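The next part holds the structures, each set out as structure tokens.
Two complexes are shown next, each including chain A; its partner changes from chain B in the first to chain C in the second.
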Partner chain A sequence: MKEEILSAKNIEVLTAAKKFILKGINLQIFSGEVLSLAGESGSGKSTLALALTGLLPASLKLGGEIIWQKRRFDLAALRKDTLSSRMLHGQISYIFQEPSSFLNPTLNIAAQLTEVFIYNQKKAYPQALDLSRGLLELVGIKEAEKKLYSFPHQLSGGEAQRVMIAMALAQRPKLLIADEPTSNLDVTIEMEILSLIKNMQQRFGFAVLFITHDLSLVRYFSQRVVFLKAGRIVEESDTAHLKDTANPYVQSLLEAAEALQDYE
Partner chain B sequence: MLRFIIRRLFNIVFLLVGISLVSFLVIHLSPGSPLGGVVFNPKVSLEVKAKLTKIYGLDKPLIQQYLDWLRRIVRFDFGVSLLDGRRVIDKIKERIPLTLFINLISLFIIFLIALPLGIIGALKKGSGLDRAITVFVFVGFSFPSFWLALLLMQTLAVHWQIVPVSGLVSVDFPYYSWAGKVWDLARHLVLPIFVSTFGALAGISRYVREEMHTALSSKFIILARAKGLPQRLILLRHALRNALLPVITILGLSVPGLLGGSVIFETIFSLPGMGRLFYEGVMARDYPLIMGLLVIGAVLTLLGNLLADIGYALADPRIRYEAEEK
Partner chain C sequence: MKHLFRNPIFLSGFFIIFFIAFVCVFAPFITSYNPNAINLKEALLSPSSRHLLGTDTLGRDLLARLLYGGRVSLAVGFVAVGISVLIGVALGSIAGFYGGVIDEIISRFIDIMLCFPSFFLILSLVALARHPSLYIIMAIIGFTSWMSPARLIRAEILSLRQRNFVIAALSCGLSQRRVIMRHIIPNAWGPVMVNATLSMAVAVLIESSLSFLGLGVQPPQASWGNILLEAKECLGVGWWMSVFPGLAIFFTVLGLNLIGEGIRESLHK
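For the complex of A and B:
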């Protein structure tokens, strides 16, 4: 049995009007594994990703706790405790969908990459710049030197996502939370980005929480999958045994994925 | 970028001709004449009236008058005041320092106070502090400035006699030492500057509050927090930087206001500024003076717009590169 690095207990998210977005979420992530989180849109996948480290906007009520590497964090308290949440974010990295709107439009790539090294790892600027350039090359960005001084709007969608991955790697994460990292990219680039994430995962050995609505990606990418429906976990299974499921929700998602594949 | 600026300057010239033509026509279409009482005075003979009209050039067709004025203005000759025969440019020049001085100080204080108020409001949105700030700035916004000015004069100047009632300097100003002169001037300007500042806080602080709130709830702030950056860096480098971009536009747009005085205000405090000069000019139908002031205002407005655009382009890379590619 692999070592458990993150365990979420009874996570709840409520709107200001006391409407549940997530309810009673329990899940475990083991070191070095890829866990998929699947579900139809609106099922609360992205909210859960953000809730795990207390990143939700203050207008949403957050409850529950996580145990991260044997340390207990109360999520409601975590949002106000900047020290703990900085510590946590130093070890848990994110990549998001729509990378171009998550990058700061007014800062160039060098500024946004080096700040991780400078402020979190106390490196000097020249060294931070070298490390950043190295990371851009590692994630397969061509003309890395030039791209360092580009602004987000000058990058293509694929490049922006590679930059985002570089930023995540800069923190040397133990867990990478990838929230639909390819849903805005076209199919050829989608496969490039996914195999990049997979390569990096094998090379650095971090765990991945892979969030998607696409079940064909789930099978390609992960060993285990958790299904979310209307804010609750409805099924947990090994990807190898996905076809044998008795859960009608999972069956319908599977059928939808197959119909789409036939169509393509 | 350079081509963009040149093209804009080119446009400005055409706009200025249009603006001046319209203002010229409007002023001349309004009833009254620089000859004022002379026209209706039965003791003045028709001959003298005709002579006066000719001297002022008012007998020519309107379009000819405009072209004459335009011919002079391109050589920066603003003409001579019909009221006292002094050069318009001299009359304006002597009013500029005071108006510019008061407006610069006001603008500086407005930003010095409104920026932090807006930022605090955004950070603590909905809190008691935020509401207190909102009430404070809107009280300032809602008070009519002439009323507030009179009220403050009544209490601070008349009742408590802390500051002088009005005017720019005391009667014995020339006999003061250097420091005494500064102190005297400052005492006279406290009320005018307070009144002009208080009313303007609401606009800027609400604007900054909205922009800062938008920036704080944008996606790049989520990423910045997910990167585990220090709170101070997230607020200053990621949020504030983006929130202040639109403020550059406001700064550019306030350039014409720097030389535009307020009539009500300068009258109440008896300050010899641009506002009163304009008022006196309009009342006397002093066409060259009015046109001079209008042209200066128009030039400043157009240049202010251009400056705002350039400033915004320099600060925002998205626009900077677009401008360079064109």
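For the complex of A and C:
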């Protein structure tokens, strides 16, 4: 049996008007696995991703707890406890959709990549710069030296996502949360980015929580999948047995995906 | 930055201010007269080749007094705005980032400060300080004008902290202080710069007004305001004594406003 690294218990997110966005979410992630989180738009996938480390805006109420590597964190308390949340964020990395909006437009790539090395890992600047260059090469950025001194608006969408992956790897994460990392990229780039994530996952052995609405990617990418609908988990299954599901929601998502494939 | 130096409004303002600052800084190379040297034999001369802008009631060269006085006026404007931006950015970003009770306290304090009509507040503070030095005047103007940069940066930060790259920076495990300093404030800088140049014009005007009322820079040290004060006595006989310092103030304020307007325009591109 694989070791459990993250276990979420009874996570709830409410708006200020006491409306549930997420309710009663229980979730386990095992070390080194890829777990997919699927569901239609607005089902709360991204909210759940951010809630796991308490990153939600202060206007949303957050409840529940997570157990991260056998340590218990109360999520509501975590948002105020900067030390614990910094520790968590050092071990859980994120990549998002629309990668270029997650890079600071006023700083060049070198400044943003070295920041993690310098401030979290206390390395000197020249060493941090070398590490950053190495990371950019690792994630397959051509002309890494030149790109180090580029600004976010000078990168293409695919390059920006590679930079985000490099930033995520810089922290040597134990868990990578990938929130629809390819939904804004075209299909060829999408496959490149996904196989890059897969390669890195096999190389460094971190677990991945892969959030998507595309069921063909779910089957390609992960062993287990959790379905979210209107803020609740409605189904959890192995991707291999996805076709045998009795759940009408999952069936409808599958049918939609197949219809789309036939159309293509 | 590229946009900025192609913007005609910014450029014209920039050249006006650059010219004024340049001649004031290099005053000793432009005029050989001592701004404080009294020569009663040459009192109240109209502009001529010997005294380009004429002389005042005590025979001092007006061009020299304008140039050296300009140093004072510009320095007051610059330092006062520096102080107000520093305080404003610090308090505004704390209020905006942390929100809650801290935000309430700071915002209400800003409201309280805004209740006082600022020029009269400055007047009474200066009067309280008796014979204020230049530095005290700078400090007083700075400490009474930090509210608008504070409000501006608070509003900017409220919208910036929901932006994706701030979430990303936090998700990298960076400290909040670091995120504010490195990722939020630089992105809020534009509107603050606009505000700062415009309030520098106001600071120059306030200093001139104070000196004109005899409460600011004390003679014999020249400033544009106290040259005007002396000119008031002989408005009928020595028009040059009031026109030239007036023009100097006018062009400085115009130039600073053009710079501010130019930055504002290029931000919206």
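Observations on the structure shown:
The criterion applied here is as follows: the second predicted complex is superposed on the first by the 264 of 264 C-alpha atoms of A that agree within 3 Å, B and C clash if a C-alpha of one lies under 4 Å from a C-alpha of the other, contacts with A are read in each partner's own complex, and residues count from 1 in each chain.
Operating definition for what follows: contacts are C-beta pairs under 8 Å (C-beta built on N, C-alpha and C of every residue); 3 or more make two chains touch, one makes a residue touch a chain.
The shown structure was predicted, so the numbers you read here are calculated from the model rather than taken from an experiment.
Once both complexes are superposed on chain A, the partners chain B and chain C clash. By the document's definition of touching, both partners, chain B and chain C, reach A:Leu107. Of the two partner chains, chain B is the only one touched by A:His153; chain C is not. Residue contacts after overlaying the shared chain place A:Gln171 against chain B and chain C alike. When both complexes are overlaid on chain A, the residue A:His89 reaches chain B and chain C alike. Using the contact criterion defined above for the overlaid structures, shared-chain residue A:Phe221 touches neither chain B nor chain C, since it reaches no partner. In the overlay built on the shared chain, the residue A:Asn120 is in contact with chain B and with chain C. When both complexes are overlaid on chain A, the residue A:Phe73 reaches neither chain B nor chain C.
Within the superposed three-chain model, A:Leu55 lies in touch with chain B and with chain C [touch as defined at top]. Counting contacts by the rule stated earlier, residues 50, 53, 55, 57, 82, 86-90, 93-94, 96, 98, 101-107, 115-116, 119-120, 164, 167, 171 of chain A appear in both its interface with chain B and its interface with chain C.
Those residues of chain A that touch chain C in the complex are listed here as 50, 53, 55, 57-58, 82, 86-90, 92-94, 96, 98, 101-107, 115-116, 119-120, 164, 167, 170-171. Here chain B touches chain A in the complex through residues 217-220, 222-231, 233, 237-238, 241-242, 245, 315-318, 321, going by the rule given at the top.
Residues 99-100, 162-165, 167-176, 178, 182-183, 186-187, 189 of chain C are the ones that touch chain A when the two sit in their complex. Across the interface of their complex, chain B is touched by residues 50, 53, 55, 57, 82, 85-90, 93-94, 96, 98, 101-108, 115-116, 119-120, 151, 153-154, 164, 167, 171 of chain A.
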